[in-house]
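Sharing a structure with you now.
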Amino acid sequence: MAENVKKFKEEREKLNNLILSRDNLDIKRFFGLDSAVYRDGALDAKTKELLGLVASLVLRCDDCITYHIIQVKELKTTDNEFDEVMSIGLIVGGSITIPHIRRAYKLWEELKDKR
Amino acid sequence: MAENVKKFKEEREKLNNLILSRDNLDIKRFFGLDSAVYRDGALDAKTKELLGLVASLVLRCDDCITYHIIQVKELKTTDNEFDEVMSIGLIVGGSITIPHIRRAYKLWEELKDKR
Amino acid sequence: MAENVKKFKEEREKLNNLILSRDNLDIKRFFGLDSAVYRDGALDAKTKELLGLVASLVLRCDDCITYHIIQVKELKTTDNEFDEVMSIGLIVGGSITIPHIRRAYKLWEELKDKR
Amino acid sequence: MAENVKKFKEEREKLNNLILSRDNLDIKRFFGLDSAVYRDGALDAKTKELLGLVASLVLRCDDCITYHIIQVKELKTTDNEFDEVMSIGLIVGGSITIPHIRRAYKLWEELKDKR
Amino acid sequence: MAENVKKFKEEREKLNNLILSRDNLDIKRFFGLDSAVYRDGALDAKTKELLGLVASLVLRCDDCITYHIIQVKELKTTDNEFDEVMSIGLIVGGSITIPHIRRAYKLWEELKDKR
Amino acid sequence: MAENVKKFKEEREKLNNLILSRDNLDIKRFFGLDSAVYRDGALDAKTKELLGLVASLVLRCDDCITYHIIQVKELKTTDNEFDEVMSIGLIVGGSITIPHIRRAYKLWEELKDKR
């Protein structure tokens, strides 16, 4: 696993644990929902993660993009499929998504290199 | 076809024609790209329209949502698949997407009624 | 109650019922959470509705603004308190919030007239 | 003057007066600033209104777009200049700006027809 | 005071001074307004800073969130009050606010550790 | 040329090349359009880059702001013109643009120092 991906996952888990250690039931329930909506259903998990990825891209949330890229890679998304999701996000969201697309392709390459 | 869907399509086409009647090559090219990215490729057209739908939902663009709902209905999206796209958009985009989700379900019902 | 407020509430309830009639547990859970976070807690319900109002204003969601204005009015928010929430939203969100502030004040006046 | 432009201006002025009738100094000062930044300076008023137009377009604020289109028309913006501002807004903001661009061109035509 | 908070404040002040050293009256006036709206009024300063915090959270502006967290901490906001503001921001703004909520809780802990 | 500007340009070019090395015609076409809309036309290139700058500012895209600041500096934008674009962006987009305005002025100074 690429070093920065590992670091991203650790930091994410550490801070999630910090949040969940609080006595805040509403946030806990939201976190539960946030996992539930990406599970296999009428649409399979891969399609759902691609939906999460394009939504994150047009909203320009780097951490969310990173998370969903790691997921779609693990779910066997191909290069061409990845390209097409990036294209739709770019057309919908415009040139302000480009800095995020740059970082997305950088991560995509890193995930391949480390396989 | 539901009356408001017909009206939506006519108004949309009329104004698109107005824009394309201008001698504005850049906008024409963008419109071409905007069609191209949703065509069958590594991902099929239905998946791509679902990606366009969730992106439109989290960006809260009613006209875009209406357009993509009409497309995904024609591409045989089921009720459960539609529910799951709405759920992901809601979790990613939060309660400010709810007014758009209300209108989305209203349209979804209308498209069924008129079949 | 002002006629347009009554109509807003009825349309909102009708479409909420349409959504909740679906077999979509995730959306139902989100709707539950969306009610829960505004209940009296360490912060009282009025403060929480004012938080919901300013968040809706800077995100420029008219239906959300309308909903929270009705709530804060019922919770005895004064004119000066309302002014101050609008001012913060305006400074944080900039002049693009002004059309929403115009409609917010229009509704605020209507709610007073009908008392 | 086109009927809908006249109506837009009247509604806008009426609600601005409602807001300014309140004893809310901060909002008044903001409204003053909002006029000041578009006045002739190092950049001329027309360029500044075009800046306001493209900012309103990418933020997808219809009322703001309408206001700035009326201003740039009065300041002798040509068809080609208008096209180029729309193109930049479209490329920066993506396809979600298209519904606003449709309405912008519709208004642009109406302003010409009524001259 | 935590080291990163100190650094944040110094960098912020240095750049504010750079901006204010310019002969730009409009920006100066805006900065004045930006201070004015958070002062004690019909709503107390603490409530106003909480409004600023939730607005910053749903707009996903990390620097703004950091600033308002420092303010609300100094104004004696409790853990439970902080949790409730985060919950409202999360429900209104959706999962794309989570990376900001993670950093918000991290800062919140640091402000406690250093007391 | 300032060291960080040089680094920004190199990283940007490297990742653009990575993206363009992919067999993704839609993204390539978009990149072409993204260059085309800023070329001299009815509006000159400098005005167009200022439009791109204010659009990037209100959408709060730091990389986009950096890029357009470099462009407008090379196209002989004066300090006062720069101030006025920042002012319009600030008034339209509100206080959440301030962190980006701070970084914009920092870069603006650096570009002067290194001449």
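All chains are identified by letter, namely A, B, C, D, E and F, in their written order; residue positions are counted from 1 within each chain.
One rule holds in what follows: contacts are C-beta pairs under 8 Å (C-beta built on N, C-alpha and C of every residue); 3 or more make two chains touch, one makes a residue touch a chain.
Computed from a predicted model, the values in this text were never measured in an experiment.
Between the contact lists of chain D and chain F, the overlap consists of A, B, C, E. Looking at the partners of chain C and chain E together, the chains they share are A, B, D, F.
The interface with the greater number of C-beta contacts, when E-F is set against D-E, is E-F. Taken over every residue number at the interface, the positions common to chain A and chain E amount to under half, indicating a different-residue contact. Superposition angle, chain A onto chain F, using Cα atoms only: 120 degrees, a multiple of 5 between 0 and 180.
Averaged C-alpha coordinates give centres for chain C and chain D that are 27 Å from one another. Chain A and chain C, compared by their mean Cα positions, are separated by 31 Å. Centroids of chain A and chain D (each the mean of its C-alpha atoms) stand 37 Å apart. Contact with two or more other chains is made by residues 26, 30, 33-34, 37, 56, 58-59, 64, 83, 87, 90-93, 95-96 of chain B. Taken as a graph of touching chains, this assembly is fully connected, with contact between every pair of chains. Listed in rising order, the residues of chain B touching chain C in the complex are 60, 79, 83, 86-87, 90-91, 95-96, 98-99, 101-103, 105-106, 109.
Against chain E, the residues of chain B that register as touching in their complex are 58, 90-97.
For chain E in complex with chain F, the residues that touch the partner chain are 12, 15-16, 18-19, 22-24, 26-27, 30, 34, 56, 59, 61-64. Put simply, chain F touches chain D in their complex at residues 33-34, 37-38, 41-43, 47-48, 50-52, 54-59, 64, 78, 80-81, 83-85, 87-89, 91-93.
The residues of chain A lying in touch with chain C in their complex are 26, 29-30, 33, 36-37.
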